[in-house]
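What follows are several structures.
The following pair of complexes shares a single chain, subunit A, combined with subunit B in the former and subunit C in the latter.
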Partner chain A sequence: MLDLLAQLPQATFDRPPIDWHALAPELVLLGFGVLVTLVDIVFLERGRAMVSALAGVGLLATVVPLLTLWNEVDTASPRVLFDGAYVVDRYSLVMKIVFVLVGYVVILLSTNYIAEGDYWESEYYGLLLSSIMGMVVMASARDLISIFVALELLSIPAYLLAAWRKRDPRGNEAGIKYYLMGVFASAVMLYGMSLLYGVTGSTLLTDIAVAVADAPQFDAAIALGIVFVVVGFAFKISAVPFHHWAPDTYEGAPTPVAGFLAVASKAAGFVALMNLVFVAFPDRHDVYQPLIWVMAVLSMTVGNLLALRQTNMVRLLAYSGVAQTGFMLAPLTVAGDPGVSDLALSTTVNYLAIYAAMNLGAFAVVIALARKTGSAEIDDLKGAFQYAPGLTVAMTVFLFSLAGIPPIGGWFAKFNVFRSLAGAETTWAYILAVIVAVNSVIALYYYASVARKMWADEAPDGNLAPVHVPPSLVAALAITVAVTLVFGFFPGTVGDFTDVSLLASP
Partner chain B sequence: MSDFLRTYLVVAIFGGLGVMLVGVFVMLGAALRPNHPTAERRLTYESGVDATGDMWSQSNIRYYVFALLFVMFDVEAVFIFPWATRLEAYGTFGLVEMAIFIFILVLGLAYAWRKGVLRWI
Partner chain C sequence: MHEFLTDWGLSLATFLPLAGAVVLMLIPKAEEEAQKMVAMAVSLVVAVVGVLLMVDFDYDAAGQLQYVVDESWIDVINSRYIVGIDGISLPLMLLTMLIVPLCIIYSWEHFPEPHNPKAFLALILILETGMVGTFVAQDLVLFFVFFEVVLLPMFFMIAVWGGEDRRYASLKFFLYTLFGSALMLVSFLALYFLAGGDTFSITGLADGVVANDMSRAAQLWVFGGMVLGFGIKVPMFPFHTWLPDAHTQAPTVGSVILAAVLLKLGTYGFVRIAIPILPEAAVEWAPWIGLFAVIGIIYGALGCLAQTDMKRLIAFSSVAHMGFVMLGIATLTDFGINAAVFGMVAHGLITGMLFFLAGSVKERYHTLEIKRLGGLLVQAPRMGWILGFCAMASLGLPGLAGFWGEFPAILAAYSPANGLPVGIFRAFMVVAALGTVLAAGYLLWLLQRTAFGNPPEEFADDPAITDTNRWEWLAWSPLLALIVVLGIYPNLMFQTTDPAVQESLEPCLSVEVGEVASERCAEVYDLGTVAATGQAED
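Coming up: the complex of A and B.
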């Protein structure tokens, strides 16, 4: 042992080059996360009023380096850090901006909810920031280890946030269910990763891509590795048959956290999945495509059929989120087709951005109406038009967008799904396109029935006192409505950002 | 058989074997072990002392908090030992790097201290 230690100083140490600009968004987020904790340590209860604003400012400040990076980074010149384990290209920047803005809207949703309830407040925002940081790291992770570190960084705070209503048994159920499922998924995924590492001898996704492309003697191990890794992330994106945690967790968690899990956490799972599918397994589409095809069909169908029977709005949104996962997985089933590979990637990124706006908006309306009714039951939303016409109109926009009715955001997302499926020109893609179409109709039924209850029915108790909507919720609603409508009426705006060839080719 | 089915056959066999192994071992245990239940045998074994109370014993949450704080320092040590042997080579860069690392960990300790977690009532 001592001999070994004696030899060590002889080796010289070269400081690794660090691209500070490329890391600036993460560093800003880390700085504000530390600051939120420091404010809590120094001011204790007196700091409560500050932290939510501070966390919001932190997220907006993170956008600045993301935008400056956007100008410098393009497809031809991605910033590659840490020997390829961390890549900043336009695809990762789009996703980072989505994560940060989703985080900002979630903070707007949480401000009054958390301040007025019996909750720990400073910790809430600190954990939210670190979870968002995990997602931001995930967007750039191109190495099995950095993917796993990012996954844990985003998941562990989310487990705590899910159980934030700790005096409510349902809050505890939400936390424990999410935690156990998450840990189980991590274990399955790690097992898959260990198989991939064992076969390829590298954790770098680009090296894995080369090694798994042509290794007939290890075919079985590669297939197992790919399946287990994809299944691990299927938990995160709540794809059927790995969706059981979603409705219970969303219902028991504070509603803003449910929105966060439904949008940001799901998007993070998709980002990891896309990194793997497009960078690590591009030549093994024979393995992952059938698996994703089956998950897409099951998620859409099961999610929609279960959503039909829900009486609670948050549970309905959970099951609709499962169905939307199916729609978002659909383009990945043709990701290996060279003709539509780029389109498939941009379609999923596109869908994630639009889904983030419309789904968070729906959660925002649920939170706003629950301030009056105190519940998220669909029957309590009846007659909302009579006392909250603005919220009802906003909810209608979000619901129709989720259903994919033109010209609201969601239609463009769905349109692209059809475009990439039709572009693949294979029988399986056409079958999937038909299933997507059928499911869009089923989905319209339950979205429209909620809208009908809000517009046409009488308020259940005849209480027509207007809802007091605090400014932060108004801001959140304004942002989400604006984004949903702009993406629908001017699809070019989102198309420009999420357009083809975002992913830097290795 | 097509390539596609063969790929997934591996996964199916693997999963099936996993489930089967657990089942077989559980049944094997049940089949092989002698089974002579008496009142004494049904007692919980607790270091030879007669068990008291029921299974649902609650332990103080503070132990858990202290265990977590211990882990914090433990992780710190794991990183500091190798770093310390190579400090001369790392130079100022290494020193600043470790200072940031320790700062973030100390933040956690300061948080626990301010929230009164360190007091054992």
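Coming up: the complex of A and C.
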């Protein structure tokens, strides 16, 4: 200890060169996060009215540097910061844009929900912005420590948001459950990371890739490390058997937050998983592919079967989200196949982008209809076509997009999953493709049942008063419907946009 | 004109209905007349485009794709927007364009409950986009998208405007079809990769399969996936159980579209995609398809004899008729497939008509239970005669359209293509011929019990039972006329379809037995053995 202290005076701190442009999106987000908090402190009650708008503006402002970066960064020359711990390439930019836009739509969903309930508004938006910031950082993190920091930055505000309805016992249950599961997952993952660090002596993913590729003497430790890290993120993306928190948390959390967790938080987990799979363990697909194969099959099957039995729309979306996780994991089971590994990455990115639009849209309709019915029970959606035809058509678009029926967005996502699996040309991949096909049919059953109830049944109490949908919700619905349809009719747009690679990055 | 049609004709015919549906949704709900006019106008414009295409079509080159448009669509997956029609697509496309306006005319005065013409007409127009698109698409991804587009509108049509059991029937229809098409999609993609992975165009894939020497086992699996996808849509026994439910519960117009066009999407898929791309696998699968086809013929006929509901009886007769179509396809001969395409159109016209009639009977009697009906000829003589006419056409009376679908299909089974077991197909032929007898049985029985005799007491003095009205005449007369015209002069269609069918078939399949075939033919299709058996049987 004394020796170390003695060295201190000689150690000079060199500030690493900082690429300000590459960090601009994070800085803008940080700036607005601070601003929202300051407005709250300075203006107190009078500030309530403007925080939501301010947060929305902040997210839209973040898109500007993301787009300028998109123009500068092409696949050949990613911007590398901090000795490779932080990389800004096309892949991370796509995901950042998805996170920021999802955040914007969530704010649109929250504006009336949070203002009309008896909630604290200003903190809500501050927390939301910092959680989004964590996700944005995650997209670029290429180092175990930055991954972990990003994960905690996105998770801790999310724990608080999940328990936002603090007078409702279910809200508390939601928060506690999510928190306990989350920290447990973090612990498992940290243990895995420590094993990897112990074996490889580095936290940089690229270094780990080299070290784990050929270290027969540490094979067991490496395998354990990989499994633990993957399992840690399996909680985040609610893959079976680590999905138990999702339905209870979604149901108890404020519905906009449930949408946020179901879409953005899941996408962040996938981003981390993809960073690890493609950058850190590219040569260890013998370890992660079977693990992900099993999780994918379990997630889609168990998620679907449980979704069949749900009577609450939010819980149904939670279980269907578990099943969708299985679909999104499927391409990662062939990620190590050199022929399709780029394809597998862009398929998952693509699926995440489309999933974000359609799933958030479904939550938006649930929020809008709950303004009239006051509940999210599926039976209360009956007959919605009679009094809210627009919302019903929108919900139909989202449900059948989730089911993957052409020509609505989701089909292209699912099509790509099949394409990656068929492209691998291995028996296991073909088997998985057939399982995905069968599961798509099971999923259709509950999606179509909901649509049928909304269209064909009578409203439960004969109450045909129209629903008043506030402008912010209309905007959210317009955005999500438009994106879902554009991706379906012109899949080339999303296809080009998400045609990214992680292998070229250093 | 020709220039314009070449560039825009097919795309216009495909997407105009969709645009019409969007316009329709913008019209306020109360303006029902305007909604009907818009829908009618759109479907008529589409029909006019169809007529122009029909007139402009080069019948001397009916074997080639015409009006081809090839534009980039989804570059990342090498899928292109390729549309085009040949002699096989043209009649089916025209059938679609005819049926849709007739359905709108038929619904004009009486939309089924819960009314809402706006949504109903929008769904019909979206359906038209899907149906026309399927018949003109020449790229597998594009085909798949259109093939699926028809599902949603039909699901809602059954679920919202259907009968008592609509919830069950609509979901069953949807799940069955999606199950088939999900596995079909997997086979399309496997095919894409195994055939080189650079194109989804149908002709490109057919070349790719040969060029990449796709293994026989893989071909069989891929073909199997397609059999499932298309077979469920047809529907082929044993995947037919969704059909009676969907037909019975659907509103009249829904049943008509379902019978006249949707079922053809499946058989069209066999003729357009499965057989031309994978001819070797087709030879292996053909006996099985033929087997299921004749089981379907007999099973459908027996099912008809057991029905107590008129609409359900007609639905089961579809299973039998599509069995004949599938038998024609299974022979893999020029003759058989021509018969199959003719059978598709004839079944569309005749069974479409029968469902119209069932709808009109239901509207007057408020029941379709055969034993409560009777004496239609007394109370509504014209309608009774039309029913008789359609029953005759359906049972395959020579001189009406139905005959030319069934008879050549049976005949084709006598000498199936090279490489197929002749004896087995001749057995199929005998069974199928028995099926026509049963068809005569159930149709005459239906006619006898509903149209002959005296009206039952409960309806004897019912003023609601009137004869065919103006709208019905308007909607039905084109169909009735076509049934006669095609029956008297079938060559009208055969001369169009034949060049295209010949083009789509693998040349080895039709090499004269004993002729010197190329080495590949001899190797793949075992022509030597065929020649020996052929001689032995002669």
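Miscellaneous remarks
Criterion: the second predicted complex is superposed on the first by the 491 of 506 C-alpha atoms of A that agree within 3 Å, B and C clash if a C-alpha of one lies under 4 Å from a C-alpha of the other, contacts with A are read in each partner's own complex, and residues count from 1 in each chain.
Following the convention adopted for this analysis, contacts are C-beta pairs under 8 Å (C-beta built on N, C-alpha and C of every residue); 3 or more make two chains touch, one makes a residue touch a chain.
Since the model is a prediction, treat every value here as computed from it, not as a measurement.
Superimposing the complexes on subunit A yields a three-chain arrangement in which subunit B and subunit C fit side by side.
Of the two partner chains placed by the overlay, neither subunit B nor subunit C lies in contact with A:Phe260.
Of the two partners subunit B and subunit C, more residues of subunit A are touched by C. In the superposed model, subunit B and subunit C sit 150 degrees apart as seen from the Cα centre of subunit A, a figure rounded to the nearest 10. Judged by the touch definition given at the top, the superposed model places A:Ser449 against subunit C, while subunit B stays out of reach. By the touch criterion defined above, A:Trp411 lies against subunit C but remains apart from subunit B after alignment on the C-alpha atoms of chain A.
Once the two complexes are laid over each other on the shared chain, residue contacts for A:Tyr104 go to neither subunit B nor subunit C. By the touch criterion defined above, A:Ala433 reaches subunit C but does not reach subunit B.
Contacts of A:Phe235 after superposition on the shared chain: neither subunit B nor subunit C is touched. Contacts of A:Val441 after superposition on the shared chain: subunit C is touched, whereas subunit B is not.
Smallest inter-chain Cα distance, subunit B versus subunit C, after superposition on the shared chain: 26 Å.
Subunit A has no residue lying at the interface with subunit B in one structure and with subunit C in the other. Of all residues in subunit A, those touching subunit B in their complex are 5, 8-9, 11-13, 15, 34, 37-38, 40-41, 44, 219-220, 223-224, 227, 286-287, 290-291. Put simply, subunit A touches subunit C in their complex at residues 346, 385, 389, 396, 400, 403, 405-407, 411-412, 415-416, 418-419, 421-423, 425, 430, 433-434, 437-438, 440-441, 444-445, 448-449, 451-452, 455-456, 491-492, 495-496, 499. Within the complex formed with subunit A, the residues of subunit C that make contact are 72-77, 119, 141, 144-145, 148-149, 151-152, 155-156, 159-160, 166-167, 170-171, 174-175, 178-179, 182-183, 185-186, 189-190, 192-194, 197. If you check the complex, the residues on subunit B that touch subunit A are 3-4, 7-8, 10-11, 14, 85-86, 88-91, 93-94, 104, 107, 110-111, 114.
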